[in-house]
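Written out below as structure tokens is the structure these notes cover.
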Amino acid sequence: MEYMALLIFFGLMLAIAFVFVFVNTLLGPKSSEALQDYPYECGVPLYDKSAQSTFHQGYYLLGLLLLLFDIEAAFLFPWAVVYRYLGIFGFIEIFLFLLILTYGLLYAWRRGALNWQFEEESL
Amino acid sequence: MEGLVIWLIVTFVKILVILGIVLGVGAYLTLVERKVAAHIQRRPGPMVVGWHGLLQPLADGLKLLTKEDLFPRYGNRFLYNLALVLALVPATLVFAVIPFGPEFEVFGVKVKPILTDVNIGLLLVFALGSMAVFAIALAGWASNSKYALIGSMRKAGIVISYEVVITFAAMGPLILAGTLSTYHIVQSQIEQGLWYVWLQPIAFVVYMFAMLAETGRVPFDIQEAEAELVTGFTVEYGGMKFGLFPLVEWYIEVLSLSAIAVVLFLGGWSPINIPFLGFVDPLFFLGPLSPFIWFILKVSLLFLFVLWLHWTLPRYRIDQITETAWKVMLPLTLLNILLTAILAPILWR
Amino acid sequence: MVKRVFEKPLSWIERIIFLDFIRGLSITIRQAFRKTITTHYPYEKLTPPKRFRGFFGHKVVDGKEPQPAFDEWVERFKIKVEHGKSRCVVCMLCKRACPVPQLFEIEGEKLPDGRRRVSVFNMNMMLCTFCGFCVDACPVDCLFQSDIHETASYTRKDSVLDLEVLERIGRDWQRRREEEPDRIWIDDHQRQRLWHENHLQLPEVKQ
Amino acid sequence: MTTIPLEAYLIISVVLFGLGALGMIVRRNMVTVLMSMELALNAVNVLFVGADAHLNLVDGQVFAIFVVALASAEAAVGLGIIIAIFRLRKVDSTDEVVDMRG
Amino acid sequence: MPWAKEEEFISLKRRFEGLEVEEKSTITILHIPKARLLDLLKALKEEKGYKLFLDHSVVDFPDKRPRFQAFYILYNVDEKKRIVVKTWTDGTLPSMEKLWFASKWAERECYDMFGIRYEGHENLVRAFMWETYQHYPLRKDFPLEGYATDYLPSLNETLWGESLQGLMNYDRMHTPVPTLEDLEITEKRRLQKKAQIVLNWGPLHPGTHGTMWFLFDLEGERVFQCDVILGQLHRGVEKLAENEMYNQFLVYTDRMDYLSALCSNQAWVVAVERLLGIEDLVPEKAKYIRTMMAELQRINSHLLWLGTYALDLGALTIFLYAFKEREKLMDIIEGITGARLTISYTRVGGVRMDLPEGALEVIKAFVKRFPKELKEWETILSRNRIWLRRNIGVGVVEKEEVYFYGLTGPVARGSGVPYDLRKFEPYDAYGWVEFDIPIGENGDVYDRYLVRLEEMRQSLQIVEQCVRALEKMSKNAPFFAESPDPKKLKLPLDGIGLKVPEGETYSSGENPRGELGFYIYSTGGVKPYRVKIRPGSMYNLCVYPKLMKDRVIADAVAILASLDPVVGEIDR
Amino acid sequence: MIQWLVFLLFSALAVLSALGVVLLPNPIYVILALLSVLVSVAGIFFVAGAELVGALQLIIYAVAVTVFYVFVLTAVPWEKALKKDSHYRVEGLLSFPLVLLLYLEMLFVFLIGVSVSPKGQFREFIVKFGNTEVVGGILFSKYFLAFELVSLLLLIGMIGAVIIGRKEAQTYDNNTP
């Protein structure tokens, strides 16, 4: 039942967002200048039509780290909730868990994966 | 059947309140920001529209609404618009799990001032919060502008880095409270007579930094670093669409994350806390309204603090930001979790 | 002679308690509670100093011409002097001194009584650099620069000052500010707002 | 509270898995192949949770969590391999990789 | 004046056949045939210590054969001496790019303006004009108005039904402007694309401080190569100088480095005074006023730099604080000179007007308050951890690179080269006041920042001393030089009839952005024959592509702002 | 009743989006479709009462995994792939029935398993303590070995991905204009 409220709210927000998307088309003026729809290129002509394919970002490794640590977080959430009942056993469990993953973090650190666009650090 | 009707009425009232906060308060926070910035810079700020510029947000909104709808050449119109939806909807949905005060009774109906009190509330917050990445990535990609693309990639890099940090920072209070429901976290703080900030100073500082980073506030506002990227991923947006991105990022998200910070660390609607002794309420004369006032007060203080930082500090560079997240903040939070795990049983006893 | 510049690095304590942030924050918050310093243009405007080099004007004959230079030049060019009209003696020195002489268009006309008078004096402000060489060159203190600084116009035509406009500006100037002493500026409320924190007290105006 | 019968979950699961398998087979782009695999894994998850709802158990949910974890580890390594292949051979579709073997 | 003496080159004379030394009061010139030029310059650089490259250009004599006289101006920082090397050519010169990087840009400019071909130049493309432009504008046979080919219609007169007659009408033929296709050809020719994405950074970009066009070859956000396309603001100031009287050219110096117009004014009139030999005739009061105003302008310029630099690095509030103080300075300058930006206050022989009443009081009030404000900004910025991380180790210029790239001003001083013309070659009242040269150690962005802050303090000291000296002077002391012989030398305030005898000189002033030098070649008369301006900003900018290598875009703003270029001066 | 409606809504959305995943040519749209599938499946989990799994589905799958895909797409110039035909048509249709048959067989086994296994009593606990607590309790007691193994798996995954995804140091020429 609680989720129904969320669902209703979601639907409502969706409607409002769509209103915002189309409101300018309805209310705004329309003009057609030759270059007005050019993407911003600092006032010089546009040579490559598509900027989308030309951009290369090296930091997908950050995405990888996010993935792994999100899973870690996903296991930590239920653990945090039941930690009260697990006692010392729970502590050892999570200590091992964190230890293993911290090792992974340290490994990535050492290999320079944490560096932005991961330039190789001298090992 | 009658129960359903009452439930529906209550739900709609709650939704209206949240909408008011999101769109009304959000818009007026622009004025607050402009005034604060202006006075820090020895200017009066907006003064023309209304008394001391009180009608300025309305004028701005009206202006934005009547702008021409521009769309960049060679872009992708569907994704360009979808990005806006993806930015606005998850950011506002977060308000659904924020408790504004304790349960109270009106006309014989018990009302919890929280839209959906579920026992995975915090998980929802972080899940929805990181949905912003898609909006940003799509906005930059669909605009087909190099500047927008660089800006969106920067922002996405920051959000994914600090998403982990913020989740881990929130873990400390979670261990102490033993629940994922935002409402119960506050309640357990009140029962234990302790704001968790006293036990979690590291987590609180880290959380604040992560919050600034997620919302793109100074010192982490590199996604729209004016001097480098003009306005970053919103560079190709115009009119209300352009207005909504900062609204979502700088106001709605800051508000919701401040509220979560208040819930996690500052005891929600509880009055001033003396550690392990109890609560002192200088606002007792307001009676049942006092918890709500306290909540609003705490959130607005946090918001003003964010503004104050924004208009004082310079900004970091993208590599420094992400590296700080992984190399400083994440180990700190891991340490904090371990410390809390050791500390928590003592507290419970 | 030579001074090395350096700053101390941050100490660990400063790092941990964020002392650098706190120092900066304390300064900005102090500024926030001080008076604002801005002028609320266009609702209020500063009075430009007397030396301000704005739009041009022709001072008119009113008996205060620099003597004996004025009489000498009038005799040399046989100029008809009329009270309330431009002092210009059509010597063209302003045009010669100008880095962009094209902006001047000056013509004199011969009157029936044999004396001359300036008939056309156009200055195209779109070409002007407001350097003031023409003012320096004017031997009779006729051409001058007024304090008019809002010079935007809707047409190019409006940015050409002809004799009539120049004389009007000159008359206005002579009425308002001619008598003012040569002072760095006139203390007005708006300027005081900016200079307030310097505790500046300009000495009294000597009339 | 009406409960949803196991058959409903089964149908959804079958359809999702079928589509995922189809995607894995017909997709040319390696990244999209991996995405289809995620679809199939999700279908299994639906099955687990549906069975749990039917049996009043939670073990299935625990397994669903493990599946999620495994799936993301698989995605991490899989995408890493794709990027490595791309770096080395500058290709990103499945048949080109095969072509280059010979 | 610190020109090298003839004795010094006796040994060189033996080695280099055809080397002649010409020593005048205003200049010392080495004449050398083109064939030995490269060797001579190399010997000067490596043996004689003339390490700092100042300027290179040519003077065009259309009637002579060979037609072009090329000159190189070098400086010996350790012994504080300057030398000019000259040679004659008919269209080709050896390139000095191995000796000084800075000469590369100077050579490109020469190629652009005179059509001189440089042998061995790696990237000989036009510096300012677009690639499809046919003519060489600084040659004497190029008309001042240019070749008018395009019709520029009158824009609004038809709309309002009014028409203007004669010269006031805009409806006329005009020189061509580059079209989009021209720009594309220009970009393509400059660019050696290596990475996946080429980012147009500028010309219309808030981070470039003017209309500069950078092309970044990006890999992710890392810049692998940076190309600069200049000329967005090119107005041909040097050509104009040949067609204006000496005093009138003052107006154009305002518009070169528009942020420090007074310093440029001062440098120009000092150059002309030196050429005329009347530097000592200028009254003391005028010298003090000029010095004081120039130092106020220096603070003004550095304040704008500080504000925009902090703005670029995200500290928006400092911008407003700096502008608050700048506004006060503007008030002072406006009250004394009548203009805020294009000041034209100095004249050959003095200044335009005496100080008005109350000027000194206002300046004293400013000087008293300003250090406190400066301290506050330093507290916000200098030791802020974010500021430190953004600044330290970014854009490092080594000491040797200062000479190689011809850097001057705060950029050179930040790298530990105490090159300050106010000390080395005191002009106006700088010889009579006391101040220090701030120098940095590492040559990174942070050192340049500290150097500029310290320079503001030193400027304040100079202003204070000037105010004290001016207060002692009587109100009626002259502020304009009396000509010793009005028949021979006329010194008018309005610039009409100032005749300069035959001769040549190179004189420079310490601008806030580096050395602003004027090489004046006069053949007598009211107009110079050739004026070569040595823009500090341009040579400071030429190190930028090197500094940007392997840095990210976020550093681009920091490094660019720390070099503090002004496009008006670069493009002229 | 409402539950059925919501379930149908999410199922329909999931199936439609799954079709999108299989059929859409542009990888960006495929990712969006995948996101939609994942969110819908999370919705189905919520309907089934598996709150924790649903939320984790959102936080891991819908965010982390999909974001990772997005980042990989920025690192791979997939536009080249777009120019070609994005699907194998004939081979796919030929081999598809086989795969489906395999799955149906698996399903059959699973159904037998469900029919023979006893019904648990966890619903009462869930109502009493909440889904998260119960699942957490089971996860950290009954399946704790698997839990630790997952951490090892993640470690291996991270190391593998870091090694594989490492970028060779690139060299660029040093000439400036």
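By written order: A, B, C, D, E and F. Residues from 1 in each chain.
As a convention for this text, a contact is a pair of C-beta atoms (placed from the backbone, for glycine too) under 8 Å apart; a residue touches a chain by one contact, two chains touch by 3 or more.
Note that the structure is predicted; figures quoted are calculated from it, not measured.
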Could you tell me the least number of steps, going only between chains that touch, from chain A to chain E? 1
Could you tell me which chains are in contact with chain E and with chain F alike? A, B
Which chains sit in contact with both members of the pair chain A and chain C? B, E
What is the chain whose Cα centre is as far as it gets from that of chain A? C
Furthest chain, CA centroid comparison against chain D: C
Geometric centre distance via CA averages, chain D-chain A, whole Å: 21
In whole angstrom, how far does the Cα centroid of chain C sit from the Cα centroid of chain D? 77
Report the inter-centroid distance (CA atoms only) between chain A and chain F in whole Å. 17
Chain-centre distance (mean CA atoms) for chain D and chain E, in whole Å, is 65
Flagged in chain A as touching 2+ other chains are 3-4, 41, 50-52, 54-60, 62-68, 70-71, 73-75, 77, 81-82, 117
Of all the residues in chain E, which ones touch at least 2 other chains? 197, 200, 205, 219, 221, 317, 321, 324, 380-381, 384
Residues of chain B touching at least two other chains: 40-43, 118, 123, 126, 141, 146-147, 150, 153, 160, 163, 180, 230, 311-313, 318-320
Contact footprint of chain A on chain E as seen in their complex: 180, 183-184, 187, 196-198, 200-205, 213, 219-222
Which stretch or stretches of chain D touch chain F in the complex? 1-4, 6, 8-10, 12-23, 25-29, 31-32, 34-36, 38-39, 42, 45-47, 49-59, 61-62, 64-66, 68-77, 79-84, 86-87, 92-93, 95
In the complex, the residues of chain C that touch chain B are 21, 24-25, 27-29, 31-38, 40
Residue numbers of chain B touching chain F in their complex, please. 76, 79, 82, 118-120, 123-124, 126-128, 130-131, 133-134, 137-138, 141, 153, 156, 160, 163, 180
Can you tell me which positions in chain D touch chain A when the two form their complex? 65, 68-69, 72-73, 75-76, 79-80, 83
